[in-house]
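Chain naming follows the written order as A, B, C and D, and within any one chain the residues start at number 1.
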């Protein structure tokens, strides 16, 4: 009699497509997945614990190290939470600079997201071409903040520095070129029939499950749920911009990928509008903030839309100059929680496609 | 039609094949580094008053300042950065009231030996005016020297080896001034 | 004369040996040996150079320059790489089947080198002009399936095993469209001798009379060599490196070079079967025939490389489906139509 | 900064007498009524999206405070719900059956603060090593080591 046997496969942590520090213990039947148990924690640095021993300002560089691909958005979530706690007003120019650098970070992060997605499916050129444009964004961010990835640009009450001379023009020029690049990716990756065959109707996520499992970001919107905090609950000055929220139809890997692609176009639109509007706004980039930050006793939960999803900061103050507790709702972490159910029944090759379509950053998962 | 995307892809790679290349031949040619680049630190010793604000602003306790009292004034004898722990966030540079601490554009900070990594910005002898000040300095030798008085309390937990993280758990109530 | 450079060398060698009184049989044997060694050296050097070419092509498509430090324009880069790989230790996994594990990277080159014996690189430039050349080539080339399987099995790693299983499934199922694709050409020529096939293309290349056969052959051949978009055998994002996962140093390099040698085989084969072999197009006969052969071959290799750097990888079930549901029926239809066409031509008395 | 919409707390308060509401519109619910209350929030007030779940250690009051932030995608409002857990007996019913999103978040709380969630399908350590002793986010956690 023929007898088949299930077997385990340690997918990672030493594996080219688990982003270095992630493991999935797969139970396989041939090449078909019976069960996939994600194991994370390889990059756990205890940022939440570290934050308890730092002053409020000193926490900012640590937030960079979570989602290092979109560091500005991580900064932004934290500083806005503290500002909400202390009731600090942020100057308008700083708000615009936050939007610009935040959206630049978002584009950079999505470029990696789509590039890595293409790479995991096997298209190496698409990946490197995405990196080419990301490099240009990194250069701009470096001019603005002095760092390429871990920006630490946001400050409680504003931003660290005003835009250097001519920076906005260079930014505008890049944003005008951007749609052309996006079209190139569309031709190279999205339009490719092999790519579509690999991603369409793979890892399907229904809107109900997506909501139930608290998924967020393009992973949620790929299933057709219109929930983008920039639109649903505008923070900062996001209510002044005209943009759309791209939604998927089937909730498969391809829709999630396409959502990111289209979101980049919208981010370009936001930046273009912000560059126009910031010209009329002058003034300081950091508000009136006391030298030693001692928020009143209390707590706050604030969430913003990061590139991976909703990033929320829960900050508890005991009245001292150090936070009593900082908790971060990390979108990658929560999005990853549903991976097990998502990969079941698909083939080994699809695990890679599904994993990269969630677009996780292990720094954020493990915190 | 099936295959259109495949042909489009080939067209794009063919076009890219002839497009200009972006590689920078690193040691021979270098990117221009922007003004605000977070590179190696430089300290303008004449401007520095050894107030310790930078050491306090640092989230990772990278900076250690050594100073002695010479006559009535504080005299800085050492300014060391454990650069291997530096986050290059720029909070120290921002905190400097006297505009003494800066970033330079030098990004090449690698060292062959681990012991060479810490960045020593100032290391000098104190001028020997009042003699009794010499002794504690000589005793301390290469070890850490007493911290500036106003912050002695805040700095202490950072100093003894292996106690930093133990302290971290209780630090919030201990150090909440 | 340049045209008969290699033929001339062979004749000179033969005359030289005959001059010192070597008997005819031994003389022939020596000449044959020299020919084979020459091809062997040529293949190995060419495989090295193809690695360099691949890296350059990839780099140029990705806005990079590629290797450019070792030697002029980086030409010696792969040589240096091989030097490094030779000096590395070959790590043998704990529970590996050591004999099989070590012998398979050695054997992997054997089928590849054997097929080169029958390939005519220019006018009268086949080492052996065999009358069943195509058959021989296909038969020998399919042997490599076995060796991949040996390597994957002996490694005692799950990734290697999955990769090896994929190799077997893939190569066996693509063998069929490969052969069926070539059958159209063989039917027209009525011979399996490569020289005859090339001679039949003096006026019209078979790419024009058998375009579908070419596409089928090319797709199947790319799959046979485990190249993208059919490179799921070594799909590095899924199963790391397939059967080669546990190999290091020169053992890995042997597999790696064999892949490039295989690309040469399939591209040489495509040149012979569809692009008129060493025939010069447009009457440009002042360029030697072997130069034309290599030009055509390298153009095809470039296309294979461009495919590699443009397309994503397809999935196992899609791969099988593509072979059995698309290529095989298409190839059968092609044979059918070719047969009818030939009958019509014969009936018309051509 | 735009004001956030907060769920109709008054209405909820009327319905469930046992909850407490503070000035920041945060609802505190007793531990034994948690599941019932949460289920009602989801079914009756369209709070269908559990964004955040975490816990804070208050050793002085000898309690853990578990915090739930729940959003409504449809209505656009949000609500913060808290519940207190005894520090000596850290046990709480899991909200996983109500919101699947609690899955990993509760594992994380279990891992870092040591609150056991009864009814959780796969409650084990997630970020730290399985052999790790102690729960680092507790305020009394002591750890030797660290950098020189």
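By our rule, a residue touches a chain if its C-beta (ideal position, glycine included) is under 8 Å from a C-beta of that chain, and two chains touch if they have at least 3 such contacts.
These numbers were taken from a predicted model, which means no experiment stands behind them.
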More Cb-Cb contact pairs, comparing B-C against A-C, go to A-C
Please identify which chain has its centre, taken as the mean of its CA atoms, farthest from the centre of chain C. D
If you average the CA atoms of chain B and of chain C, how far apart do the two points sit, in angstrom? 57
Chain A and chain C: spacing of chain centres that average the CA atoms, whole Å: 45
Roughly how many whole angstrom separate the Cα centroids of chain C and chain D? 63
Distance from the mean Cα position of chain B to that of chain A, given in whole angstrom: 29
Quick check on chain C: which residues sit in contact with 2+ other chains? 61-64, 309-311
So which bits of chain D are touching at least two other chains? none
Multi-partner residues in chain A (2 or more other chains touched) are 49, 125, 129, 132, 188, 192, 194-195, 324
Chain A contacts chain C in the complex at 7, 9, 15-17, 31, 118-125, 128-129, 132, 188-189, 192, 194-195, 197-198, 347-352
Of chain A, residues touching chain D in the complex: 40-41, 44, 46, 48-49, 80, 83-84, 90, 209, 211-216, 225, 227, 232-236, 239, 298-299, 301, 303, 310, 312, 314, 316, 324-325, 327, 329, 333-334, 336-338, 366-367
Quick check: in the complex, which residue numbers of chain A touch chain B? 49-50, 52-55, 57-62, 64-65, 125, 129, 132, 135, 139, 142-147, 150, 152, 160-161, 164, 184, 187-188, 191-196, 318-322, 324
If you look only at chain B, which of its residues touch chain C in the complex? 6, 9-10, 12-14, 16-17, 19-23, 25
Under the touch definition given earlier, write down the residues of chain B that touch chain A in their complex. 2-6, 8-9, 11-13, 16, 22, 34-38, 57-60, 87-91, 94, 103, 167-169, 171-173, 175-177
